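Shared chain: chain A. Partners: chain B in the first complex, chain C in the second.
Moving on to the complex of A and B:
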């Protein structure tokens, strides 16, 4: 659990990140979370888990590897996801003015330490 | 899908579409079936309703013994399919939902959309008095009648 908390700590320190979670993609459940009030971690885990699984199936079906990083850009901000080992996925929610490059670097490094 | 009361259909249909669940059974805590989707035979519904309501009664008693108010849901995970069982309050009394789902969806999605369905059902329920408690002498007749309506025979 300390690896998960360390990952969340690193990601949430990036300017513009509103929260982050470690989720189990197959179950769509929250493993650990650090979110601002009013953000429903359970819904994010369920929907992001499903998205990652479907993207994985789609890319494998297209003869490519499972994505190492997913960026969903919306009107109010972005959802970033970095799949790791053992079905774990590090997810971050950002505002419009977030430092997405730094968030990506931190997430990819942090997810490599998740067991 | 078959439902004894028409206002149940829309929330149930939305749940099925969003969650990709395979089967669902809505029943009262006494095991009377309110709606079902995916069951082919009435005896399966009867068995599952009886087992589902018994499991919920057992877990609620277990929660009471442990000093908890209630368990939110019971999930049985399997390789090919899993099952979620949860009780919730409506204007028509306490109901139970039994959902069977496969690996094409996830327990997180099922729980998320199940909670939304409960909110929709609570909002859609006509404001009438709760059904009177089921008496043993009426139970079989009521069960037969609801199963005939649910399976159209």
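Moving on to the complex of A and C:
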């Protein structure tokens, strides 16, 4: 199993996670995905990739390094993102009752193994 | 749980209207149990909103939580209710000093010294202040003033700021400094307008409803974004040592204040 698939496997096992994918932030393309039926990975990749890039510019503007973890919370669920090396970002989509703390820990650990 | 906290808790349970919450809140604060201390102080304030000592306690807790704006407001309220309250004067002096306003800090300490000439911590704090007035953030601001909240490390002083930004990326209020002490408020504000639109589009198109908040972790600081209104965004930045969930609480509180402030401007 590749590093990307291994990372997705770990993250999707967290309660409340509806799917996860590895994207290339620069072009918003899906590298690997593990999503529940009906969830469009390409849309997540495009939207999350664009948001991560903009947040990166904001943090750089504030004199800080690029984000290590991002959590976008909506009133129906969340998008979690852990940027890694080579422009890769591990992204997860969660429901309202997800274990966000566990998802964060798993994602940070998993993304460190992506290359 | 230590004996003093156990007995004070029991006392408060037996007699909810007692002032034991003051001792209990302070004991919890000193032990670093800030969330519990906050709840105790909040309960006491609900019952005794005109008790200066309760606002003083709340200020110390908020200060320890890193909510310096909240601590300032609470000390101002304590002073309004009791103008002779030297602990509030010292707390406000501490916050002015941390913000680089040495003159205001000195004036508050001098007033405290006039009220309580026996408090030896006040002339000691005055003696530590630089003789000339400075408007920059002094490194010596890490020197604590007795009665003030526990001072965090130097990074925390540098990595603190809030910005309220309109839908066009223009700064409405607040300031933000980089770790190099540069004013980066306008530059970051310009990026935030786009962030708010991106977040709104992302949550809507992915079926996640309305965007509520964005938490961003960076090695130099944690950022928390909330939309106080549909066309504004509030950024709160703190040192990474402050847990993100607590930063979220601070940001939500700041958003409530921002909503009130925006309402007053209309």
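Heads up, the rule we're going with is that the second predicted complex is superposed on the first by the 114 of 115 C-alpha atoms of A that agree within 3 Å, B and C clash if a C-alpha of one lies under 4 Å from a C-alpha of the other, contacts with A are read in each partner's own complex, and residues count from 1 in each chain.
Rule of thumb we're sticking to: a contact is a pair of C-beta atoms (placed from the backbone, for glycine too) under 8 Å apart; a residue touches a chain by one contact, two chains touch by 3 or more.
Keep in mind that what you see is a predicted model, and the values were worked out from it rather than measured.
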Exercise. Overlay done on chain A, so just call it for chain B and chain C: clash or fit.
Key: fit
Quiz item: After lining up the shared chain so the two structures overlap, which partner does A:62 touch, if you call chain B first and chain C second: first, second, both or neither?
Solution: second
Exercise. For A:76, decide between first (touching chain B), second (touching chain C), both and neither.
Key: second
Exercise. Check the residue A:51 against both partner chains and state whether it touches chain B (first), chain C (second), both, or neither.
Key: second
Quiz item: Which chain makes contact with more of the residues of chain A, chain B or else chain C?
Solution: C
Exercise. Using the superposition on chain A described above, determine whether A:43 touches chain B (first), chain C (second), both, or neither.
Key: both
Quiz prompt | Where the C-alpha centre of chain A sits as vertex, the angle toward chain B and chain C in the overlay (nearest 10 degrees) | solution = 120
Exercise. Scan A:28 for contacts with chain B and chain C and give back first, second, both or neither.
Key: first
Quiz item: In whole Å, how close do chain B and chain C get at the C-alpha level once superposed?
Solution: 10
Quiz prompt | Overlapping contact positions on chain A, where the chain C interface meets the chain B interface | solution = 43, 47, 50
Quiz item: Which of the residues in chain C end up touching chain A in this complex?
Solution: 176, 178-180, 182, 184, 187-188, 190-192, 194-195, 198-199, 201-203, 205-221, 223, 237, 244
Self-check item: Sites on chain A touched by chain B in the complex
Solution: 23, 26-29, 42-43, 45-47, 49-50, 53
Practice problem: Please name which positions on chain B make contact with chain A in the complex. | Solution: 105-109, 111-112
Quiz item: In the complex formed with chain C, which residues of chain A make contact?
Solution: 43-44, 47-48, 50-51, 54-55, 57-59, 61-79, 93
